[in-house]
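Should a chain be cited, it is by its letter among A, B, C, D and E, assigned in written order, with residues numbered from 1 in that chain.
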Amino acid sequence: AEQFFPVLVFRTGAYAPNGTPWANGYVDYLKLVNARGGMNGVKITFEECETGYATDRSVECYERLKGKGGGATLVQPLSTGATFALTEKAPGDKIPLVTAGYGRSESADGGVFKWNFPLLGTYWVAADVLLQHIAKKEGGWDKLKGKKIALVYHDSPYGKEPIPLLQERSKLHGFELQLLPVTAPGVEQKATWLQVRQSKPDYTLLWGWGVMNSTALKEAQATGYPREKMYGVWWAGAEPDVKDVGDGAKGYSAVTIQHGAEPNAKVVQDILKEVHAKGQGTGPKDEVGQVLYMRGLLSAMLGVEGVKRAQERFGKGKHMDGDQVRWGLENLALDQKKLDALGLAGVMRPVSTSCVDHMGSSWARVHSWDGKQWNFTSDWYQADDSIIKPMVKATAERYATEKKLTRRTPEDCQS
Amino acid sequence: MGPFLEILFGGLMTGMLYSLIALGFVLIYKASGVFNFAQGAMVLFAALAMARFAEWIPKYSGIANPIVVNVLAFAGAFVVMIGVAWSIERLVLSRLVNQEGITLLMATLGVTYFLEGLGQTLFGSDIYKIDVGMPKDPIFLLEKTFEGGLLVNKEDLYAALIAAAMVALLALFFQKTATGRALRAVADDHQAAQSIGIPLSTIWVIVWSVAGFVALVAGVIWGSKLGVQFSLSLVALKALPVVILGGLTSVPGAIIGGLVIGVGEKLSEVYVGPLLGGGIEIWFAYVLALLFLLFRPQGMFGEKIIDRV
Amino acid sequence: MSNENILLNVNGIEVIYNHVILVLKGVSLQVKEGAVVALLGGNGAGKTTTLRAVSNLLAGERGAVTKGSIELRGERIEKLSTAEMVGRGVIQVMEGRHCFAHLSIEENLMTGAYTRKDGKAAVAATLEKVYNYFPRLKTRSKSQAAYTSGGEQQMCAIGRALMANPKMVLLDEPSMGLAPQIVEEVFEIVKDLNQREGVTFLLAEQNTNMALRYADYGYILENGRVVMDGAAAALRENEDVKEFYLGMGGGDRKSFKDVKSYKRRKRWLA
Amino acid sequence: MFYRENGQFKTSYRADSQIFPIRQDQIAIALLLLIAFVLVPLFASEYLFRAILIPFLILSLAALGLNVLVGYCGQISLGTGAFMAVGAYAAYNFHVRIEGMPLIASLLLGGLCATVVGVLFGIPSLRIKGLYLAVATLAAQFFCDWAFLRIKWFTHDSPSGNVSVSGLQIMAYSIESPVQKYLFCLSFVALFALLTKNLVRSAIGREWMAMRDMDVAAAVIGIRPVYAKLSAFAVSSFIVGVAGGLWGFVHLSSWEPAAFSIDRSFQLLFMVIIGGLGSVMGSFFGAAFIIILPIVLAQIPHWFGLPIQTETASHLEFMIFGALIVFFLIVEPHGIARLWSTAKEKLRLWPFPH
Amino acid sequence: MAEKKIGEVILEVKNISLAFGGVKALTDISFDVREHEIRAIIGPNGAGKSSMLNCINGVYQPQQGAISLRGRSFERMNSRLRLRTMAEMGVARTFQNLALFKGMSVLDNIMTGRNLHMKRNLLWQALRWGPAEREENEQREKVERIIDFLEIQAFRKTPVGRLSYGLQKRVDLGRALAMEPQVLLLDEPMAGMNVEEKQDMCRFILDVNDEFGCTIVLIEHDMGVVMDISDRVVVLDYGKKIGDGTPAEVRRNDDVISAYLGTSH
């Protein structure tokens, strides 16, 4: 049997520098699985489709690939816009959407969003962890009172996602939140950073993507804003974001979605040995194990594990259909033992999902750029469920009423 | 006062950079009546060539001196741009003589796609670095007068100076030489220009080469600011209101327009933006240009639109 | 006709516009060095098209010569560019003026000298000559061409071509829109340049009377074919020509008021 | 031989001014409609519907609207995306805020809102011309992009600025399956195409074209520039607005302002230019060229099993697409529609040229 | 031929002056045009003839003086309204430099001339059914008559941009005629025509004038035409009026001879 994975990527255009390593990691992992005999003997087939990060091209790719190879196993839209559009289509097609580290935050609620899997963390997790880190630095939540935190964000749904959480926290702890939108694509940010210079926020959160990130760092340098006070989301914390800023980005930190750059992880070594050494590697060798590469790799891993989990229930060595894969994804139980076996020791923490919790983990760390590479500079944090959960629930409920959906019943969860 | 001056100054600097790109548009429009949609792609292409040459030259020839490398890379990239200009004339423009502006605009769109594809194929689609030794850190002036000093960005300052020099040169060229006159004639009426023996192909190769040069300079400056990657081609969009505000046919217009837009958008974002939730600078530039055009439909320095029976 | 001094030899050309519209259906004509040849014919006969074919301005109109040949001093020229034709001394004055609207009259004239290599002084002298021919241009020299009167633009277009010091001029309806005195003037200029500087002229004209008075030879074109040709003097005496092109059916010039019926078909059998 | 109008004599002006005066054309168009309405729904795959036909139809409609403005009235617009957005968001608001609002009414009302905005941004056209006018429409584009992100009311207080609709119905008849959606769009498109064709070959259409070709002369013969230009803006933005509604409601179901970004505006403008300015048919050709061609190009390597990397393939796709645009323009600067009619003219003469 | 009946003054130009920057195009010009008359304006190039038409027609606004049509004057209207009112009052014109709608077919060009007579609104037109269609066909019939007359049937559906210069001038005339004007302003309608074509055109102008009682103001450089068909002639030179009267009078006027006619006529 074979299992087909569509791979929506962007290897050209404005976002290519960020999209390419992700795609390389994703594909390399699939190749690794195949090199080891597949998923319990089920070979993975896959096909890349170039979206150019455009929603309509993404929809076209989705439609083109969803029926191939006996039906798509799952889809990773790899863009917030496409996620929104596909969220409406996936239920009809019965295809799980895996959006590891992006997508809509409220889709963590599996009771409403049956087919969405924002595994490992949503933007609310990212924002919460960043604030926790800052609070810890300052010496406690109470020290945030009267402080000023600026959010420099990509002016789009993606950039606006963290705002509700930040507002919630700012009400709670009494810090001032300054919102500074940057018009896409973000090549011109002088006004933004002059504003930062003027209002002198104690911390600045960076919610950018693509060229916006490096530009922000360069403008921060040009206006003398200390990079040590800048914290990025995980889409603003990879090599392409800082590479050409070099020393100028020294001291800048970003939250990571569990992993960072992991050149020494076992799984990376395995890929180098079993895929690249055989001349089957997808990208340049020296980029294997970089941050975005790892993100792609882990996304693929989660999908594969979802299928394997489903096989445990529905029959090993068989082809899994969308419904079954969905069940697998919402019953993931990646404990430490499994992670070690996968070569992911030290890369991530255990993940376990459920019918209601489609996120599976809300742990994250912070890493910083030292001018040459990313290094972890914090311990693990867990996002505060007591804040996030009600927000997720409320937003998801609203979505459900708007769409006239009913919450899934416990029986439905069994299917 | 201090912040205001800083913003004003920052706006002027940004405006200068817009002008540099606007200049490329004006040049080609003025000389052939073509609104060159491919200007952004040319900036990207030139910058990519420069960045990769600067990477490849030390690797394959062993020359290590960064100045020599940069000069060689720049020269190489210029040669590439001349090649681009020549091919565009040969394959596109010469076959579309005497067609309407909108057709030519469309053709440059085709060129855009082609250059974007070719550029990424030849030079890659990652982020590359151009390092021509531009200083990145800020300097502070008048620290006595203002608290915290007046922030000035040296990189911007150099860039603005270069832009100003190029604009001055080109303005002279258009106004004072016979070729300049011929270029304007071509823009007015391809066929009549042909009929009196102005060799369109030569003219176009020259103009597109010059525009290629301007694109290269813009690419180097913006590239050293932003890093060289695909987004560079999007910067061209920012130059659009500049060209139109300044007047499509005016070289000095490009510069004044750039300054006005630069200052206008920065001041508006900082002082008006917060009232409206921010992010207004993009439309503000256009509304500014629009209001101005209501009073002067040909832009600040554009040639008067002829309207006569 | 002896072959040596044939400057321009158009041999059975067909011209098609837009790949479908056949306009010239085999036109042949010859222009001797130093001659003034008139090309006559009604509206839409193909005069302009013939001139465009010679000066290679067809491409811009999406037209093409599909048959026949055109030779200049024995050299095939269908493949040359217009600029190269100007380089060989052949210049066309386009019908409908085509001045550079944004340039001043003087700048318009100066662009005409773009191909000249003989120095500023010589160009200045020619400019002076053109101003002498058309004093009206001098008074308007600083105004933008778009804002001059129709006749002034016509003078500008003719003057601009003269600025190139051409060997051969293709004049397309030079008299259009000009006051009678100026028309006379233009034809005097033609005669003058022809006799003193040996410039050859091929002129498409509706003012048949004038054209045949100054030309040596004439071709009559109807429907894309040459229907008659001959020495100018002979044509002037031809009865048909008299009736249709000179308005002198039966010998005398008729008053325009007394012409009784319109819509008489042209009687040339193509 | 086959394509002749010999022997088809028109005995009345009415017969002569039909949309397709030649019998062969009438047959062809009837066949086309038959195929579109009957055969395609029977045989096309879901992929074809969802990824190609529906977007193609909707964007053709938008292109048609834009063609009224740019092609017929000569006013260059780069704000089409904005007018689509207005149509979509307005329709959305009617849909969710007013209980029981029929779908078609929402869409048409959305179109009306777009009309208002279009006319508003069209006012500068009374003074500003040509490329300079592009700035006014760009202002509309960026302002609307910004407004739909920033003003929560438009998005029914959705925090991210993203909205979604579902459960489309016309009179208890739901429009869910690809075929239903396709037929729904097709009906809109066919109807609007017919109405537009009627407009452009009537007095108002001639007024638009007169404004486009020579506005002073048009004013001299008594055409009111204000009325002509603003009516073009109105008609155009109405159609574009409805297309925007369809794009949001039927194609995407869930969208963010980026779905109607400046890229969309450019895309549509390019469709009408390459398809043929001032030609109803051209809008369809253009949409087909710009939407379908890249998709086809992207799939060619797969069809032939060529082992090309995604990256290389899409770079090649860019280059080929660009080259094709230039190629078509060189063959016929007035767009594919003109190429088509030239081809027909040739066919008319075949096999005896001239 | 029956003596034609020349009526009251229909158009009166009083002390018009027009300058563009430093260029005085018209200085203190006065003349009148009577109903049913063929009034010619002649003068050397750049004398201000076309500018005069532009003033009458409302394209230019003279700085001084007044123009009245049937006793109504238009100074205080804005230019858009002025042009429209002029058209509604039955003033039509042709242009010296072609001002056709290049992208439209010959038929459509001439049909635009009938737009003023078409009353159905936008919705009717979109449906093109019943009355709207009937109206369209009625107008079409009138236009076909003009096309017939101008002998451009063969080019009915050709875009005018593809026609030769002379044919385009005919279409321009056709468009003006389609307006069923009461006053027809013609700016060098016969430039670029040969004698035979000019004869046809003259006959036609005379017919329009006789049968429909159309008043005609004609600019023409062909003295033969002017002398033969016009009733009265105004002569302009450098923006000044130097002569006014019947052709015969003008021909004898010394100023006119030296400024324009020269001795050969």
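The definition used in the following text is that a residue touches a chain if its C-beta (ideal position, glycine included) is under 8 Å from a C-beta of that chain, and two chains touch if they have at least 3 such contacts.
Model, not experiment: these values are computed from the prediction.
Between subunit A and subunit E, how many steps is the shortest route if every step has to go to a touching chain?
Steps on the shortest route: 2.
What chains, if any, are shared contacts of subunit D and subunit E?
Chains that touch both subunit D and subunit E, as defined above, are B, C.
With centres defined by CA atoms only, which chain is the most remote from subunit C?
Of all the other chains, the one whose centre lies farthest from subunit C is A.
Nearest chain to the global Cα centroid?
Of all chains shown, the one whose C-alpha centre lies nearest the global C-alpha mean is D.
If I rank B-E and A-D by number of C-beta contact pairs, which comes first?
A-D
Among all other chains, pick the one whose mean CA position is farthest from the mean CA position of subunit B.
Checked the centroid distances; the maximum from subunit B is E.
Any idea how many Å lie between the Cα centroids of subunit A and subunit C?
74
Mind checking the centre-to-centre distance between subunit B and subunit D? Centres are C-alpha means, answer in whole Å.
Taking the average C-alpha coordinate of subunit B and of subunit D, the gap between them is 32 Å.
Centre to centre, by mean C-alpha position, how many angstrom separate subunit B and subunit C?
44
Distance between subunit C and subunit E based on Cα centroids, please, to the nearest Å.
The separation of the two C-alpha centroids amounts to 28 Å.
On subunit B, where are the residues touching two or more other chains?
120, 125, 277, 279, 282, 308-309
Could you list which residues of subunit E touch at least two other chains?
59, 95, 97, 99
Got the subunit A residues that touch at least 2 other chains?
Subunit A, residues with two or more chain partners: 11-12, 20, 155, 181, 183.
Determine which chains touch and list them pairwise.
All touching pairs, sorted by chain label, are A-B, A-D, B-C, B-D, B-E, C-D, C-E, D-E.
Enumerate the contact residues on subunit C facing subunit D in the complex.
My answer: residues 16, 18-20, 22, 62.
Under the definition above, what is the set of subunit E residues touching subunit C in their complex?
Residue list for subunit E touching subunit C: 20, 23, 43-47, 49-51, 96-98, 151, 162-167, 170, 188, 191-200, 202-204, 206, 221-225, 228-229, 260-262, 264-265.
What part of subunit B is in contact with subunit D in the complex they form?
35, 91-92, 95-96, 99-103, 105-107, 109-118, 120-121, 125, 237, 240-241, 244-245, 248, 276-277, 279-280, 282-283, 286-287, 289-290, 293-294, 297-299, 305, 307-309
Can you tell me which positions in subunit C touch subunit E when the two form their complex?
17-18, 21, 40-45, 48, 95-97, 136, 140, 143, 147-155, 173, 176-184, 206-209, 243-247, 253-257, 259-264, 266
Provide the residue numbers of subunit A that touch subunit B in the complex, in ascending order.
Residues 11-17, 20, 155, 179-183, 185, 187-188, 190-192, 194-195, 197-198, 210-211, 214-215, 218, 221-224, 240, 243-246, 248.
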